[in-house]
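Next, two complexes with chain A in common: one pairs it with chain B, the other with chain C.
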Partner chain A sequence: MFGDAFYAALDGATNAAKSAMALIVTGGKKLVAGAEAVGAEVVQDVKIAVNAVVKAEQWAEKKTIEAAKWAEKQTVRAEKWAEKKTIQAAKWAEKEAVAVAVASAEAAVVAFDAVKTVFSEVVAGAASVPCTVENALIYDLATALAILGRPAHGLFPKKPANLPHDGEIVGAGCKAKDPNSTGVLPQCPNGKPRISGTITYVNGINTQYPTGKADPFDQDGICKSMQLLANATCAQVIGVYNATGGMARDLEQCLTNIAKNSDSGAVDTLSRSMFAAVSQDPPQDMTVYAHSQGGLITQEALADVKNQLVASGSSPADAEARMQHLSIKSFGTAEEGWPAGPNYEQFTNLADPVPGAISGAQLGYPSQTFSDNANIPNADRHYFLSPHYNPIGPHSIDNVYIKQIIAEKGQPCCCD
Partner chain B sequence: MDSATAYKLVTDWARVEKEDTSGIEREANGDFYGKAAVLGFQFDNARQNLVVRGRIMIDADKLSKTQDMMQELHRIAREEPDRVVHAQFEIVRMPWDTGEQPTLYLRRDYKTSESESKLFDEWRKLREMAYLWHRTYFRQAIGPIVERRSKAK
Partner chain C sequence: MQIRKEQMDAFEQAANRDYEMRLVRFLQSQFPDAAREREASLVDGVRPQIANARRYGLLTEQQIATYVTSAWLLGSDFDGEFPAAREMLISGAPADEKSDWLARFTKALFEQLEQRS
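What follows is the complex of A and B.
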C-alpha cells in the first residue's frame, strides 16, 4: 500500500518532530524564567493558539473519520493507518503547543514553525488521506500561528469542578473497589493466577475509565493498563483513577501540579492509602506505579504523607525512614521533584517528549521542585530508546513502558 | 465589602487564572463558598468578610490534638509574618474537603475592597506560600518540636 517514498517522508516527519521537541525543551529551559516576566498576556496568546490547534484536532478527527470511511472502500489497512496517524499527529501538535506555553513567546514561534513543518511533512507523506483533511490541518495550524500575534481573549477549555470518579479506587471487573473485592489479577487460561504482591497504579493524562462497559479491559483506559501490568508483574493491581477532562484540560492540570499544588481527588486518595501503610507499626510495604501526570500526583501525595507523619509525632528523619517502605516506580514523567524517603525506580523512554516537557516546566518553579528532592541513584534511572512513527507513541504505558518492564525484568509465570 | 463586590472579585480571579466558578456555591442570604484556581473562598455576608484559604495538609485533626505544634505555627504567623505572606494558620473542615477530618490552611481575611491587581497578587503569593509549606516549610517548622519531645521522654 505504501511505498518507500512514503516511509521516507514519514521518517522525515519523525525526525522533524524530534527536532521540534529538542527546540522546545532547550528553548523552554533557557527562557522559562523570561516567560514569566513576559507575563500572562504572552502565555494567553500562546494558549489561544493551542485552542485553535485543539479545534483543528477536533475538526481533523471528524474529517479523518470521514476519510477513513472513504478509505475503507479502498482498503481496510489504509483506513486504520490514516485515522490513527492523523489523530495522533493532531494530538501531538496540541501537546507541543502546551509545552511551549510554559516557555516563551519566542520559543512558541520556533516550536509552531517546527510543528507546521512536521505537519507538512506528515501530511505530504500521507498520500492516502484525502486532500481535504491535509488542507484543513494546514489551514487551522496557520490560523493558530496567526492568532499568536493577536490580543489575548481565549482560554483553555474550562475545567469541570467535579469530574466523575476522580480519585476513585478501581478494582476487579473495572469497578470501584470495595473492601471485599480484589484488584485486577493476572489472566490465566486455567483461572488460577499465582499472585505476587500488590501494585497501586496511578494513571496519566487523557485516560478513560470505561466502567460499566461490556468489556472494559479491551478498551484503552486505566483498566486495560491495570490488566497489562498485572500480566507483566503477576501482581494484583489496584487503580487510583486520575479523571480526565480531555487532553487540553489534563495538560492544564498537569502544569498546575507543577506550579501551584493541585489538590485533586487522586492526590487525596493516594496520600491516604500510603499514610495508612507507613503509619502502621511496623510500617507496611506499598508499591506504586505512576505514569505521566500520575507521577506528579504521586509527588504531591508523598509530600502530604511526610507532613502527616511529622504531624503524628515522627521526626523528619523517622518519617523518611518509614517512607522507605514505599516503592515508587515512575514511567514517562518527572525525573526530579520526588520527596526524599521512598525507594524510586524511573523508566524514561528517550523518544518520549513528556519527561523533557515536564523538566522544562519544573525549572520555572525551582523552590517547589528542588526543596525536597530525593537523590535517585543512576542505577535506578532506566533510560531506553523506543521510537515510534507517531510522535506521542513513545509515551504509551501500554505499548512502551509495560513492554519495557518485561524486557528488563523478564516475563514471570503468573499461573499455577 | 458587600456580597456582589466579593463575588465579582472571585469570578474575576477565576477568569484571569483561566478557570471557571463552577466550584463556587451562592446562597440566598448573600453568602458564598467554594474553590477557584486552587484557592478556597468563603464570604460571610452578615460580617461582610471574605476569607481566602490555601491548603497545606489534609487530615489535620492530629494537629489540633497537640498544643505545641499549633502554638509554634501561630507564633510564626505572629512574629514572622513574611514567612506566611501575612496569613494565619487555621484548621477547619470546608465543604470541598474530601475527607472527614479538617484541613490545615493558610488564611487571609478581607473586609474592604482593594484594587484587583493588588488583591490577585496577594492571592497568588498566598497560593504559592501554602504550596511551599505543603512541600517543605511545614516539616522544617514542626520537626524541631518533635525532636524536643522525643528528647524530653
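What follows is the complex of A and C.
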C-alpha cells in the first residue's frame, strides 16, 4: 500500500523530525507551531508532531530549560528512531499502518469511551483476589461462579433436589401445561395472534415461578420472560422451569450442570422433549431458547440426548445428523461446551459478567466442556454492548437480551 | 470462609484467561479488522500487551484495556515507537494519569491524521 512514495515521504519525515526536535530547544509555543508545520504527508510525521505538541504542553510551556534538555535527548532519540523506522518501514506499511489506516479519530474516541463502560475498575491481579472473593459471594453471582468453579470447592455440599415445580412444563396462564393447552401466546389486545412456530424456553438462576398470583405475567419470573419472548418472536412459548433453591444452591447446581451430572428436573424434562423430537422418523424440528443457567441445563440435556440416541442404536454421526433438527439460541451463558449437531446462535452482552464467569468455571471441567464442543461460526455469535449501572443488570433476559433480539431481528407483527 | 492457595491460583488463572477473552471480544466489537482475525491469534497478541501494561504499572482492568486499545490502534510496539508515550509510561505518574494520558494522546494522534489526510 505504501511504495516508493512512502519511503520518500519517510525520508522527508525523518528530516522534518530533526527539524521539529531542533525547534524544541527554543521551547514554548514556537515548538508547537514548528512541530505542526513539519512535513505533513505521512503517518510518521504526524506522530512526531503530536508527540511534540503533547510534550510541549506538558514540559516546554512550563519549563523551557527542562524542555531544552529533554529536546536534546529527544533529538538523538528521534534520529535513532528515524533510522529504525527506515528499516522497519516495510513492516510498518504492511502491518502497523494498516491498523492506522482503517481506524479513525471517531473510532478511537468510541473505543476509549467503551473501555470505560465495559471494563470496571477491578484491579487485575492476584492481590485483589481475597477482596474479590468476599465481595463476589455477596454481590456478584458471576464472579462467585468462577470462584466456585473449582472441582474441589466443597462449599455447598448439598445438591438442590426436589424443588417445587422443578422441570415443570409451563404454558398459557402461567400454569403447568397439559396436552390440551397452548404455550404463552403473543399479546394482541385488539386482534387475534398470528402464531409463528413454537419456542421452548429454559430460564436461568434465581428465577421465580409466580403461580397463584393475580397476574403472574406482571411479576419478575419465567412467565413474564415467556410473554416478552412471545411478543418479540410471534411464537407460542413453552417454558421448562428451572426451579430456584436460592442463589447459593443454584450456583452449586450450575457446577453440576457444567460437570453434566446434575439431578436437575429441568434437564430431564428438556432432554425428554428433545429426544422425542429428534428420535422420530423423520426427526422433528425443535427450537430452544436458553438464558444463563438455562444454557448449562440445555448443554447437559443435549449431551443426554446424544447418549440416548447412541444407546438406541444410532451411530454418533447419525445422532448428530438427527440433532441438526434442534435449533438452540442462547443468551448470556456459556459460549463453549455445546455438543456438536444442533444449530446454534449465541447472544452475548459484552457488559454481562456471567458468560465470562461460566467460561472460568468450565475450566475446572475440561473434558466435560471440550471433548464434544461444536464449532459455532462467528456469524452465529452475536456480541453487543448494553451496560447497566447495576452489575448484574447487563445479564437480564427481560431488559437486555429480548430487547437485543428485537434490535437485531426486528419487531414482527404478531396480530391479525 | 477460607480459600486454599491452589484455589486462589486457579482462580487467578481463570480470571486472567477470562480477562484476555473479554479484551479480545471487546476489540472484535470495536474494530472490524479485529473481528476478521482468528480469536486464537488475537489472544496471542493481547496477552503480551497485558503484560506490557502491567510492567508500566497499569493496574485496573480499565487502565490495561486502555493500553491494549492503544496498542491495537497504534501498533504493537507503540510504546517504543512513540517517544512521548514511552516517557509517560515509564514515568512515575499515577497509573490512572498514565491511562488517561494515553487515551488522549491516541485520540489526538488520529485527529491530526484526519486533518492531514
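The rule is simple: the second predicted complex is superposed on the first by the 252 of 416 C-alpha atoms of A that agree within 3 Å, B and C clash if a C-alpha of one lies under 4 Å from a C-alpha of the other, contacts with A are read in each partner's own complex, and residues count from 1 in each chain.
Note that in this section contacts are C-beta pairs under 8 Å (C-beta built on N, C-alpha and C of every residue); 3 or more make two chains touch, one makes a residue touch a chain.
Just so it is clear, the structure is predicted and the values come from calculations on it, not from any experiment.
*Asks:* Should A:A311 be classified as contacting the first partner (chain B), the second (chain C), both, or neither?
*Replies:* The answer is first: A:A311 touches chain B but not chain C.
*Asks:* For A:G364, decide between first (touching chain B), second (touching chain C), both and neither.
*Replies:* The second partner, chain C, only.
*Asks:* By the touch definition at the top of the document, which applies to A:F384: first (chain B), second (chain C), both, or neither?
*Replies:* second
*Asks:* Using the superposition on chain A described above, determine whether A:K192 touches chain B (first), chain C (second), both, or neither.
*Replies:* neither
*Asks:* So in the superposed three-chain picture, is A:L350 touching just chain B, just chain C, both, or none of them (first/second/both/neither)?
*Replies:* A:L350 contacts chain C only, not chain B.
*Asks:* Could you figure out whether chain B or chain C reaches more residues of chain A?
*Replies:* Here the partner covering more residues of chain A is C.
*Asks:* Identify the overlap between the chain B-contacting and the chain C-contacting residues of chain A.
*Replies:* 40, 47, 155
*Asks:* Contact residues on chain A for chain C in the complex?
*Replies:* The contact residues of chain A facing chain C are 40-41, 43, 46-47, 49-55, 74, 77-78, 81, 85, 92, 95-96, 98-100, 102-105, 107-112, 114-116, 118-126, 129-130, 133-134, 137, 146-147, 149-150, 152-153, 155, 348, 350, 356-357, 359-361, 363-364, 378, 383-385.
*Asks:* Which of the residues in chain C come into contact with chain A in the complex?
*Replies:* Per the stated touch rule, the residues are 1, 3-4, 6-8, 10-19, 21-22, 25-26, 28-33, 35, 50, 54, 59-62, 64-66, 69, 72-77, 81-85, 87, 103-114, 116.
*Asks:* In the complex, go through chain A and note every residue touching chain B.
*Replies:* For this pair, the touching residues of chain A are 40, 44, 47, 155-156, 158-162, 167, 252, 256, 260-263, 265, 268-269, 271-272, 275, 303-304, 306-308, 310-316, 319, 339, 367-368, 371-372.
*Asks:* Which of the residues in chain B end up touching chain A in this complex?
*Replies:* Going through chain B, the ones touching chain A are 16, 18-20, 22-23, 34-35, 37-38, 54-60, 62-63, 69, 98-99, 127-128, 130-132, 134-136, 138-139, 142-143, 146-147, 149-150.
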